[in-house]
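Once you scroll down, you'll see the structures, which are given as structure tokens.
Look at the two complexes coming up: chain A is in both, with chain B in one and chain C in the other.
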Partner chain A sequence: MKNVILVFVLFLGIGAGNGVSAQNTELPPGDEIIRRANERDFGAFSQETIHMKLIGKDGKARERVTRAFNKKFGEERRYLMVFVEPSNVKGTALLTYDYLESSKDDDQWLYLPAMRKSRRVPAGERGGAFLGTDFTFEDIKTQSRISVEDYSWKTLGIGDVDGHPCYTIEATPLTQELAKELGYAKVRIHLDQELLLLRLSEFCDDSGEVTRTISIRDFEQVGDIWTAGTLEAKNLKTGHSTLFTVTESDFTTEIPDDVFSLQSLERGLPNLPGRP
Partner chain B sequence: MRLPRLRHRTLRAAVLLLGAGVAAAQEATAEPEEFPVQVHGHLSLESGFGVAESKLQSMRFEGLAHFDAPLTDSASFTGILRLRSDPFFDYGHLDGRDFPELSFASSPVRFGEEAELELREAYIRTQAGKWNLTLGKQQIVWGVADGLKVLDVVNPQDLREFILDDFEDSRMPLWAVNAERPIKDWTLQLIWIPDTSYHVIPRQDSEFEITSGVPSPPRGFELEIEEPDKPGRFFADSDVGLQLSAFKGGWEITFNYLYHYDDIPAFPRSFRLSEDGQEVVAHPEYKRSHLIGGSLSRAFGGLTFRAEYGLFLDKYYSTGSYLDRDGVVRGDSVSYVLGFDWFAFNNTFMSVQVFQDWFTNDAKGLERDPVQTYITCFAQHRFLHDTLTVEGMWLFDVNHGDGLIRPKVTYAVNDELNVYAGVDYFYGSDKGLFGQFDKKDRVILGVEWSF
Partner chain C sequence: MADRNLVGAPVPSAPHWHPLWAVFRAVTAHPRKVLCLWAVLLAGCAALIPLLQKDSSPDAYIPPEHPAVLLRQQTDQMFGLYDPVVVLIDTKKPGGIFNPQTLNLVQWYTKQFASVENIDASRISSLFTVSGIQGKEDGLEVAPFVTDVPQTEAGLAALRDAVMDFPLHLGTLVSRDGSATVIAAPITDPKAGGRVYHALMALTSRAPIHGEDVHVAGEAVLGEYLGEYLDKDAARINPVVVLIIAGVLLASYRTWRGVFLPGLSAVFGVAVALGAMGGLRVPFTILTNVLPANVLALGVAYGIHILREYYEQTATPPGPRLRETVVNVMMTMRRPIIYATLTDMVGFLVLCVTTHLPPMKMMGFFAALGIAATLLSTLLAIPAALVLLRVRPSPAFHRELRDGQHWDRWAHMMSLLGNVVLRHPKAVIAVCVLVSAYGVYGAGHLEVNDDRAGHFHASEPIYQANDAINRLMDGTIGVDIVVDTGEPEGLFRPENLRRIEALQEHLKTIPHVSGSISIVDYLKQLNRAMNGGNPEAFVVPDSEELTAQYVLTYSFSGDAPLGQVADSEYRIANVHALCNTGLFTEIDKIKIEIDRYLATEFATPDLTVRVSGRLNVYYAWMQRLEFSHFLGALLALVTVWVMTTIGFRTWVAGFYCVIPVLATLLAVYAVMGLTGIWLGIGTSAFASIAVGITVNFAIHELDRILHLTRRQGMSLEDALRAMYASTGRAVLFNFLCVFLGITTLTLSQLPPLQWFGILLATALLVGFVTSIVLLPALLLVFRPRFLLPVCARKETAA
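Presenting the complex of A and B:
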């Protein structure tokens, strides 16, 4: 699917407590803003460690550690996430092929070490929770891309997220079927006005009620590439939340192509130079 | 340095494989500065209460340790050691060796009747040019079917608990060379298995002794089963195979070939007069077979289609006809599985599979139907952010109308501790694959601590 948006930046968002000013008439259309955001440099490849904290309503937390690998193959991006800790999920891996063509469904596989087999994640599961977190399979996939063509776009105005002026854009899935797959009726996106980074998102149900948010913080610039340090998804219905903390980001070590093959899913964590 | 003389050929092969792996790993790149060894695993206790017999059927303690150690920048070692002990489960008795079906290097070490220690896996992963090599004791899994097997026959299986144990746990790892490399858009896998190990068959009078499909001796005759005539030549009796796989136009495709010994021996029989009277003597013999097959799968919107198929040349089945010279019939068989998966609604996974096996020789008295059909249904729902999982598996033998139903609930108390409860419910005719265990229904309770 088309048009690139940065790693961990397309978790669409809107800021809590942000005031949206009524400047719509002077603002560019939403799809144009997204296209501009998609033109930013994401790097040809990257790897990073993601610490996940799954926090229940009662404050009890479960933790996971993953290694994630990302590489551009022409206009296509491939993304591999391998669970390293804890023991009961170690070796579980998600592989995503994210295509340029909007007419082509992306491909996603989940490898479960207990079965020694990878299971295809069909498009119908895009809105399903990713391994108990508050992120969906779609969220994990769209960390690198978003399909502009899948939504109708409307720029609502300029808001403020954590002190940063942001475009507030409303995205509505084009079809009921797509909305069902994604698990929401609308999403409002807050995109940094200057850097075109997504800072916060708000997913709404049919009644317009916000059911889930994703906020993205602690951006760092590595060379020309902006990368997020923290991503937090909150399920407002259950009170459950998931915090991703990104460390050891590496945009310089080249990753061999076959790391992103189905066979490599079964081989587990790739042996790469500079592995932490 | 002189190496100790190793009597058993598979043990020699094992040492050679690991040695070759270490050598290849040392060739690959310079040594890193440190060699951290990561250890993880679990301790578990599972009890099975036999409902019909109203007694404890099993009380199994299991400890499993998994070691990972990087050797160089591009090579690593993995070892898995498992200890199991079950004072209640009836493994049956066998004279002579504990595991005559397994090679010496692949046999678990038994401690009395109750406990066994097994080196589950020990392999080195490394690279040589474009080849990814896995050298040592390992599991090689082919195919896309769940709970049923067509292509997943590279490794034999421990059937002492029928098919109730997870395949991951019941599959018998083998000493093997496993080499993979990309060739344009395809991946070629070559395997060489000098380890002559085969299915561990339930013993006579054991908890899950197999009676369905086994000819019974004529009235007045005793049945005597001899030790299997196991292949023993290092190269000539090796299994070899290849898999070509690719992802094309949304389809995952594989083509597979395996030249192997069938993991279930043929049972040619003869009649003998002894001091105790008349006997039917079965002489188990492992027979060569060719597997030519493949698999494919594709996602269609919310639905995933899976299929695998195999043509097995030279299969041997027993016949109950005493007009047959040795009671064994040779033929070919064609097997396939068609499956569909879908996510019915959020966090709910469902799957249906149809399996058919057609044996081309319709000889009289054959102890199996020419066409056997099985259906499986699986449903799983995950609650509370994957901390509570409710699932159920139904396996149905269409020919005999029997089946197995396996509901299970698992709760993750935290990241380390899982508790679970389940039922294995067999029903139907005792001539059926599942119905033969109609009296073996059990309730399972278990706890597992991961570290």
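Presenting the complex of A and C:
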């Protein structure tokens, strides 16, 4: 299984000009829209700050702040996420090598400052909770590119999300095993008709009931790249929700290669020129 | 005045105003209208019966607002806990479950679970879905123990080592000796437990089993499975009750009206009770399952006495006009019948007041309602029907004419019994005193106990499955100890973790608590895994930061079981322990010991602790059972004493009525104490009901005796002889109806109902015997003054 994780920088990402004309009356097939959405430039490198807010059913919230870096290395991407807050996890860092070949699992190493050691850690299942949030590893992956080959696609029509006309596309996992792995039977995704940005996902169980939603808001264009400011996942079964707020996105400051090495993992937060 | 006591003075044929006399006149004047109204009411109530809804869940036995229930709901919600449906696979093969065939079976069930309707496929727990936390030389691995069944000895051995080296799942996922494992999952619809159970049993019938024992159980299916028994019981018991009662009624009067009039009156009472329950959406539970048999059996008794008087009055020529005769019959019997009804109702209403168990409250209330409806039907519909029917004598009253009364073999039998009592009253009293003394001794050995699994017969597969889980795994009854540190991330503090660890160590020392799991176990396992799997690192992390970072590390795996042991803020921990017994006496000890430990070791302001879980709910069930049982019995005794005192206008007469009842209760306690029958959820209802029913025998007898001595001036001996042949005979049939009706409960497939039936039937038997022999014997020996006519008493006093 291929896990693409920690792609916060790619929550965004779509080159301006990839949009589909809102005036088009012919609705293109779902897989074609998805392929177009996947044809985007994520940039060679980026860094940003992510505020994670985990909100329980009772309204109580836990917050974490991380600084995330990524860089393309040939056919693979490498990610580094360093926790800044709360203080008891400050300096905890996760380094991920995301390989293009789907047959090859991601490699992940974790550095725990309290142990002063780094350890290889397993990558999570596609349908598993991402860092204990209401996002799954698959959600994070689909923010950047959606596996067209894993689903059957159907364009349901054009709807409206937060005042933006969106393609409403239904994706059904091709096999029962895959559906089980992903944790849902169907997903309805709403892609901005003009910019092809993912604005809303609705995950359904076997009975067709929506059990989880992800809404993405506050898009901002940084250079040529659109980046999302807010991502909110709501588990309608548990009442739990997670809010990601992305700030200080930087697609211009070059990140040295050695930032993504095991040695630098133990050095803590990289001190880069672009870092605020 | 005779009208003011229970003495049923015959009403003169001349108009004699009395509210009930006016009612009976009106009823007999418009019999068809009365019967039409009766039929409409019966149909209306019967139409509501299909609205009845079953509730056989364990939580039905305790008020929904009870702190134990609310706390359990809160705990379940906070930690995502659920009652699972469980398949247990047990094998005697060498190496336990770690062989290809058994593992294939586990894998097969894991896959098949997902296809069973109403099983939450996303939360199936088995060796093939649950992750282990293992340390490698270079890092950590969180992955299911097995995805494909190993085919080599080395692969099987590696799997066995991995599983048996992971203490968190031992006793819950795999037995501690490796001989058994479970596949478990929550069900999505609590009402579908029975269907899920049958679906899994059907799966089991075609499972690739190679010598393994497979059991299907779990709290999720237990309640609904029990619910299926309700239908089976109702289908089995109710027709038998009807047949038996009809048989006794037929034997009693050998006429169809003797069968149908009392029978239909009782059916009316049952319809009102069940219709009201259906209309008011009151759930039908295991305990309310006894209601129809009780109301039927008791209800026909009122009609029996009415018909006895009717046949006696119509058999004596020359009789008055039929309408006058019927009014006379009703006026003669009104007081004993009303008092008998009220005392029957007392037994059930006292239960309603004193018990803390909602199903028993409901059973008490609606049975009392059914009895009241039966009384109404007896007082209105029976006289209406009697004036429409042509007078036909009962063959049972034409066998023999003696002393102006028509005796049959039953009357002879009762008369013979009376002669024995008349000859040896002191001996009768002595025997009863001995039995009662023995009862006091037996009551001292009474054991208050119950076992939820004991609600099924030992031969039932679900009983055996429950037993196997308790034997092979950590158990079936959960206890959750919720530790609140009072601050977010308070669980990261080593000192708090060590106190939870000490609590878990103490839990291990309590008998029947087989194991427990908490966040401490996960952190110790993570610590070990992050230290290359070194067993010596299976300890609590020594700093708050390290714990926080371990928790974060675990979240990278995508596995989320920490939610079952800690809240989202890591402020509150849940220590989940399992007990391998359902015996309430043991549960009581476990709860007391846990409370004692928490009171001494957690008596600090920084931590607050609460005990929750199924164990706590069961504990709450039983807490007031003994108290409410004896309170109910006492209250019923006092109430019937007050009622009979008012009715007979002397507390002494009330006392004489209560003595046989008290002797009855003591005799039943003796049986319970000496045979080891528990005072449990099902059996605890018998006492107050028995008081209400058995006192009727004494009321009818004393009423007749008083009538004969005070109104007709007979000597006590003559009055007793006459009473045995007439009222004694009716009391015998009254007893037979109720006794045989209640005895049908022993046909239930549910042991608690069987025991309830046996105890109540025993009480009725003893109550009948003591009333028919002890009461007359006491009267003969002590000759109370209230037996004398008023004038004689005045003379004696002068």
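Quick note on the criterion: the second predicted complex is superposed on the first by the 192 of 276 C-alpha atoms of A that agree within 3 Å, B and C clash if a C-alpha of one lies under 4 Å from a C-alpha of the other, contacts with A are read in each partner's own complex, and residues count from 1 in each chain.
Definition applied: contacts are C-beta pairs under 8 Å (C-beta built on N, C-alpha and C of every residue); 3 or more make two chains touch, one makes a residue touch a chain.
Here the structure is a predicted model, which means the values were calculated and not measured.
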Contacts of A:G128 with chain B and chain C, given as first, second, both or neither: both
Touching partner for A:R267 - first (chain B), second (chain C), both, neither: first
Which of chain B and chain C A:D258 touches, first, second, both or neither: first
Which superposed partner A:L110 touches (first chain B, second chain C, both, neither): second
Which superposed partner A:E181 touches (first chain B, second chain C, both, neither): first
First (chain B), second (chain C), both or neither touched by A:R120: both
Partner chain(s) touched by A:K53 [first = chain B, second = chain C, both, neither]: neither
Partner chain in contact with A:N88 - chain B first, chain C second, else both or neither: both
First, second, both or neither for A:R35, with chain B first and chain C second: neither
Chain A positions touched by chain B in one structure and by chain C in the second: 54, 56, 60, 62, 86, 88, 113-115, 117, 119-122, 124-125, 127-129, 131-132, 183, 240
Of all residues in chain A, those that touch chain C in their complex: 54, 56-57, 60, 62, 83, 86, 88-89, 92, 94, 108-110, 112-115, 117, 119-122, 124-125, 127-132, 136-137, 180, 183, 238, 240
In the complex, chain A residues that touch chain B: 54, 56, 60, 62-63, 86-88, 90, 105, 107, 113-117, 119-125, 127-129, 131-134, 181, 183, 240, 257-258, 261-263, 266-267, 271-273, 275
Chain A contact footprint on chain C (complex, rising order): 77, 80, 114, 121-122, 136, 138-143, 488-489, 492, 530, 541, 543-546, 548-550, 552-553, 555-560, 562, 567-569
Interfacial residue positions of chain B with respect to chain A in the complex: 40-42, 70, 73-76, 125, 132, 139, 141, 144, 146, 166-168, 180, 182, 187, 189, 245, 247, 250, 252, 297-304, 341-343, 346-347, 382, 385-387, 412, 414-416, 418, 450-451
